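Letters A, B, C, D, E and F mark the chains in the order given here, with residues in each chain numbered from 1 onward.
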């Protein structure tokens, strides 16, 4: 039976920054992969309809590039997750977990600066209890350049303990990342080709691969 | 190719307390499993020749019960590892890593009360660098009843993130544990049938199995 | 003067899971014990009037079984504490602290998965300042099976440093727990007789008792 | 070019408790120093117009005593920051960072008991990203007597690593603190002359000065 | 039955710096208190016979001032504990634990800069297992001015959670401290009257007493 | 007065891996910089006289390339520091601190895998007490590729909080690194041009520079 992978992205591009190479590799290995996008632009949050059109086209493009089996979109307001009862987010996640029955789940890191990332982590953690959604076997936190390394909270440094070889997939990850034109910037901006490549190279040298993505294993049931 | 598992035990019985069920399960799954016993009794450490005979017979019995592919014995003095240069222990471990080429390695927990456990962890960690012994893919720390839960060092609590279903193997683990007669005691002594069963039951309820062993994943390369 | 103990439960059953045995022992030792139930079911949260009747009857039964001196009920909406200003919860707690003047206080653990538990901890901590409510001499965090051990937040593992012998009270604790029929499940579900017994047995073996409850001492003034 | 220092105070008096001596010293050294007061009293929060008059006069007095270059006042409701979307607080901070272009920023500690302190830390951290406000070179957390040392959250103890000699400024710091009459109390109350002096003396003995303020360096770019 | 308290001091004066006031209070409350001095001066460590005479007279004086029931002296070489097998230190401690059968034990803090303090902590922790010395009910770590606050090890800050009111005993503690003339210095030196008083005052303001000593509870069995 | 910088390297090349760019920048800024090499090759440790000649020539070359004011060499046996009493290492460091009177000190990270790094950290920390060597104003830990990122000790991840812009010095740092021919390897080996450049690029993107070295500030007195 093919592995079922659920990648939870607070905003589109987090999935690529955090686990783009891993998604590509899992796809090559035959996994069914779903993309859960938690927030969405809307007029109430001050986005123009042009912004929103661009974003839709980015999502379509990226979806195709990865070949996701499914895309779930919750469209909660961007940068507003901390104003919602967590129970509401959990409720929406619950439907996704029930429908898709993932065995591997990717979450953003609990200590990221962005409040949306924190809420997504907490909601994901609540769904990871085995007696809620017994399909889940492994939960991993990914690192998001421009968020994870900017935490000022003492004791919050990302502690990678799980490294995925993405040597064959780094170029394509970078290609996909350029689909998010509005999110990219010039180096030393963290969401730039140079910075993404440097991180993958550094993580690779730590794990013996030409390029790697690093994760923190949160829980695995074997 | 069968998985190659190396279980590093500071003293005989640590392998059973920490990962007896997992060893049995891996064996059933076809893995090659080696037992590295780091210390040994000797007259200089105040053991009688009777003690030593009993211990030899325990080791033979346990070896047979698990069906280990190989047993490596370093025979460093018990409770004396902290007096040796770590480089010497690393040197001996290195031979084992070279010879056996493990992909999965089990270590005691760094914060155990016993100084032998700490030295073994440190030596194991030094050998886990990919550019030293590239065969290693996964390193896990196990918990040792009567050591791990007795640490008083603030910030040292064992943080399990990897749970192995040993429902089918708990009874046999308990059986094997009784081979170490001199190490067992009456409940509430931690090395007793009741305590071992209780821990496996508790770890099971955390992971959705009737019985489980819990580990802390230290590093995985995928 | 009898000891005055305040057990703060986000939801009914947390007091029993976390400190049922300790409550029974304290009662035997002559303490005055109050139960502060922070949340309540209500129609707005989607509970039927049948749910609510069952819950009321459970609370009455449990109250009688423990012989609480007082029961305080705040009836904040279940799973909604994170949507309230913490100051509002603190305000309600303040009345209880003023009225009951506890010297020993039991709180849920700060890192529990459940957002209600976190809010209750934070409100309790705010009331524990000596210059607010000078009666408080000791504050302890308890562990709640099905919440505490499911945290995925790195660095959040419960660190017990205070163990209470409940050998004589475990059976009765289990009996009381069965009053919460709707909350119990079949092992390996964490809220089951087997899991509760296993945890008490494991905590006992760590502290030299046939059964124990484990706590983290947060602050004591002697 | 003179150094530009931004002191962010959730409530008036936090700046003095946390970094009064340092402000005085920086002023003597020629720095431009701005005071950002995040909350304000208002009728809706239950303050009387007399309370508010007193507070205004305190602020004027303290402003003059320090000789702040600028005072920014956001007037969010006291003890209500946890009910606002963090994005809203960040938005207001952003204006201040843009206008004042600080190179050194002082924040309250993330783990303080007071929810207002936590929100202020999080909003400040979000503004400290170099690609947002490139002027920022150093971010430090200060300790607030009556908040920082009362945290019950395990693992939250303030870890000072940066000590400022305020030997010449302690007396004046204490003088300024008395301007906040309603906030001061009798020792052993933490906001008292004796307690403030004791902390400065203790921090001094740790760093080789007759009096010191202690900080935790969160990030510096050199 | 009177409480039996064991204060373990790596070097004479640690007991006073860390728990002088608490010893005096326990004595007043009728406890039997023993002083375990782990190291001793000797010629081999470069001490002159004059140094040693002074030290002997200090120990006699302090012993009388506290009225210790017993004084155990192991006379391991000062600043040499890290060169001994920990098992040897544990062996000597074991005799003391067996003989004196303490129920309350005071240890230096694990993260102190001084290697002797670390070894003493580790040896004490090994003896605190209930199945070794069942008399032990409570183990507390004390803070030693000039060691504890000088740790540079990230994550090592002392986390006090247990505060003892020594208001009536601070003056006498200071008096006793002056018996160690060679160890005292001029403020801001940490082992000075001003610094010791400031710390007691600060810890007092945190716990509601005019003066307090702060401890970290490591383990209690109730 | 020029700044006085002391870079403590357990082995030659640690100073370059950890702070090569920073040394070059400090030199350009006019600082006096000393290099303290703690260990040395010797025949007893199994090095050939050829090894030793190569090493001597590397040290000469590197010394000239940085233009160090002074080089202190202690020549303790490589990989043997854990067998020495720490007091002996501290004694040797003390001479250097007295002679050179540094105000800024660079240490390896406490949690590096290599036991030599740990001993050097501990000895350096002991010398950093202000009442020992009052010249010291700032102590920073550097990261050593091939050691720091390989720690398996849970809770030991390097937490950079101090970033130095080395954009103008990266190329020269890489050049100097190639002087250590025997220590370099082919990427993904961590001590390779690609890995060093990637880390500097990643640290740069975190701090807004084209290249940076990252440190953890341990203590600063201002």
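Heads up, the rule we're going with is that a contact is a pair of C-beta atoms (placed from the backbone, for glycine too) under 8 Å apart; a residue touches a chain by one contact, two chains touch by 3 or more.
Since we're looking at a predicted model, the values are computed, not measured.
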#### Entry: Partner chains shared by chain C and chain D (touch criterion as defined above)
A, E
### Summary
When contact pairs are matched by residue number, over half of those of C-D recur among A-B, A-C or D-E in A-C
### Query
Considering chain E as a copy of chain F, what rotation angle in degrees (nearest 5) results from a C-alpha superposition of the former onto the latter?
120
### Message
Taking the mean of the CA coordinates per chain, how far is chain C from chain F in Å?
### Response
51
## Note on the structure
Cα centre of chain B to Cα centre of chain C, whole Å, reads 36
#### Entry: Residues of chain B whose C-beta touches two or more other chains
131, 150, 154-155, 159, 189-190, 207-209, 218-219
### Query
Which of line, ring, star, complete and other names the graph you get from chains that touch?
other
### Summary
Inter-chain touches occur between A-B, A-C, A-D, A-F, B-C, B-E, B-F, C-D, C-E, D-E, D-F, E-F
### Query
What residues on chain A touch chain D, complex-wise?
79-80, 82-83, 113-115, 146, 150-155, 185, 189-190
## Note on the structure
The answer for chain E against chain B in the complex is residues 85-87, 107, 110, 121-122, 124-126, 128-129, 131, 139, 141, 155, 159, 216, 218-219
### Task
Over in the complex, which chain D residues touch chain F? Could you list them?
130-131, 134, 161-165, 207-209, 217-222
### Message
List the residues on chain B that touch chain C in their complex, please.
### Response
145, 149-150, 154-155, 157-159, 187-190, 192, 194-195, 197-199, 201-202, 204-210
